[in-house]
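Take a look at the structure set out below.
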């Protein structure tokens, strides 16, 4: 190697090192947010991207609206690890944004503060929230969490495809759904599927809900028992299995393998490959972004014919929650910020930006009219339905749900009849619940 | 003199010993203790004896992840080693032009952050829209459903591991470059062809490097986490076929409130890795050839 | 015969190069497309229309650099600080420890070396939670210290590597220096270090890459987003339920890779020579 080569290489390294060190020494520093001697509250959330930006806007207006408190907003994708380790280590944030399924475990462990007294002092009451939200916000009879964005599940149906086939939509009962599915399913001359009416696995995000539409329930909080093998659930999953069986498992799997991922223009509902999907209000975000001309309708998920009641639709409620970790330095201040986010105008602003629903009982007409989802009225009304259900409110739910998810995949692949698999799921779930109860007893808790 | 040298030895090793005591010893001891407790993290740990270990050994999912991880490791270790050796042998060809260029390209994937790598592969593996199946279609081969077909879960993971052999390749190149040319000349005079030269000269001479890489590869493959997590834990992925040991460990630790179980899993893994490494070292005594210093 | 071997080598390497490169080419291609096209199925290297490529690229990369909530320049600075402190500390302390385990003859050195090797096998998730508590007791949570201070106490992999190299340096050099009246300290700086520059460069480079891309430790030990590193910032482009901005994620990834790539290319020569010099002899 020539000397010149060595020298220029060394110069390049030197320049790079100097640039790096210079940037490190004199580069941007954080802390531009001036807290001005205010009490600083740390708020940890899990939303990234556009959703995170929307919450940041709410935080900013709160900070600007008063001069005693300053909220520092931190976003991380892996909120589980971070939150657990911080609470454990005695350095919790002042406000924590988690998922609905976290409420039972955090409440039961006393890792978050009850809001029964704090919240009314800040002007909040449980009655302000839609009836379907309240089971998520409470545990063991005490109030632990407020919700910040809410979703109810509905049936999204492609009106254009229904019209094209001359079917009246939306389907109201399971029988209607089966008929619509059969009519809308189209096969190509070579035998491959071109379109399916409905597929439980598209998107398949909620593997455990189907029994509810047949009148069953997965978990009884009063007795802390699972009901995975109830007759309603068995009927429901046998019904689910009739779909891949009817279409031909190989064919439908090949068909599904060609679906694009959620969040892309190739998502199956957007391309018309599937005519109906069960989804939450955020679906409109996707439609508006990638298929704005799609003529979609939003309707309650069909139920068994004997259960049909227009005034009491069955829907699953899922929300994000805000909690105050135990050890937060000033719970009253945390509550003040939370109450600010729960003001109707702020809730509605956030819900519009996230394209989700409002968890409040009272909703403004402006919100409903200006929302990007044309089905927002239905989503909102369903939150107050007496038959709205939530995920089982038990600390073992995350593990239970994973078991169910795996079983759902196996059931879809027709590995086993539902009548044989569900009792096994029930056995596993019962063991989980029993073990957890045993450990609680061992600790001397109730 | 002996005592002075012992003091000197301790003194020189002290940075590591102090660091070990401060940052490793206590966490290690604590994690061993936790493996004998019920520890939901949000509540204090409560002693339960061997209950966690027993529960895991009776858990169907535990054995599933053990099986999956064992298969993964059994595929990755030989395949990556063979590929890395082959590439290193090719790169060490005398008078090869563009050697540095090829080395850089092969090493490049190891520079990309793991999360970004996993997201890239998630998109590449998409059954209809991913680049891989499109390329296969262009040559007339049917593209499988990499992420949802259980039969292809392992191949999908193994391919991503093969993509990351760059670090091992560089180690092998260096080792190959160290082999004295005289040995090759002697072998050629003996009439050995390139393949036999490789087996009888190169491989024994770089056996220390092979041992080193195989051990690190074993440890790495048994602890695989980010790639299977991103590829199989999304709504389209499959749970059973893509479930690896450290995924279940993570679930237990941070999702299922079973940090005691997670610690037990970690210690069982440590023991297995120790045993495997010990075996490899023992095999190394017979198979590895160490040259004494210059 | 040599000709066919060389041809075979070229074929294998060219094939490998294509396979190893195409995911990265895809990454870069996605980073210069507008958001709507980045997620789409169309396979193309360039956005549509192709002439918009420079403009879109500029938009994407500027968007990443200027993002209001993912503060790339700040994270770059934090990562540089941690990397600089970490690499210096790791190289120095590992060299010192390796010297003690190779050039000093003392009774306990085998046992200490075996313990060093053992720590190579411990998975981080096990240690993360108890380690957090150690850092909390030290009062370091909330600062960057957990990310670089431990590096000043050596790392098992690097100690192993340097020990191997040091063992390859002839003992006569030590003895000659000792006859001249030099103690260990002088021998270390005057004899060993100058001869070990390539190996030290290897340790520095490998650790730099490791720190640059590490996201688990920053995730758990950092509490304020002003302290985030690039690897964490990259995570924030990945959305669980919302729409992932693929073009921005890939642009951010490219930006994160470039500095490390530059460092690697510039030091490649010493790098390969370094491991060659280490030779993994005993």
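Quick notes on this one:
The letters A, B and C name the chains in turn, as written, and every chain counts its residues from 1.
Following the convention adopted for this analysis, contacts are C-beta pairs under 8 Å (C-beta built on N, C-alpha and C of every residue); 3 or more make two chains touch, one makes a residue touch a chain.
As the structure is a prediction and not an experimental result, all values here were calculated from the model.
At the far end from chain C, in terms of centres built from Cα atoms, lies A.
Here B-C and A-C are compared, and the pair linked by more C-beta contacts is B-C.
The distance from the centre of chain A to the centre of chain C, each centre being the mean of the chain's C-alpha atoms, comes to 36 Å.
Between chain B and chain C, the centres computed from C-alpha atoms are 17 Å apart. Of all residues in chain B, those touching 2 or more other chains are 41, 128-129, listed in ascending order.
Touching two or more other chains at once are residues 81, 85, 88, 260, 264, 266 of chain A.
Along chain C, residues 41, 129, 133, 235, 238, 269 each make contact with two or more other chains.
Residues 2, 5-6, 8-20, 22-24, 26-28, 30-31, 34, 41, 86-87, 89-91, 93-96, 100, 102-117, 119-121, 123-124, 128-129, 131, 134, 163, 166, 170-171, 173-175, 177-178, 193-194, 206, 208-209, 212, 216, 219, 223, 246, 249-250, 253, 259, 262-263, 266-267, 269-270, 273-274, 277, 290-294 of chain B are the ones touching chain C in the complex. Chain A contributes residues 1, 9, 12-13, 16, 20-21, 23-24, 27-31, 42, 46-53, 56, 72-78, 81-82, 85-86, 88-91, 260, 263-266, 282, 285-286, 289-290, 354 to its touches with chain C in the complex.
Looking at the complex, you find that chain A touches chain B at residues 80-81, 84-85, 87-88, 105-106, 109-111, 203-205, 253, 256-262, 264, 266, 395-396, 398-399, 402, 405-406, 409-410, 435, 439, 442-443.
Chain C contributes residues 36, 39-41, 68-69, 71, 73-74, 76-77, 80-81, 84, 128-129, 132-133, 136, 141-142, 219-220, 223-227, 232, 235-245, 259, 262-263, 266-267, 269 to its touches with chain A in the complex. Considering their complex, residues 38, 40-43, 46, 48, 55, 126-129, 145, 148-149, 234-236, 238-240, 251, 254-258 of chain B touch chain A.
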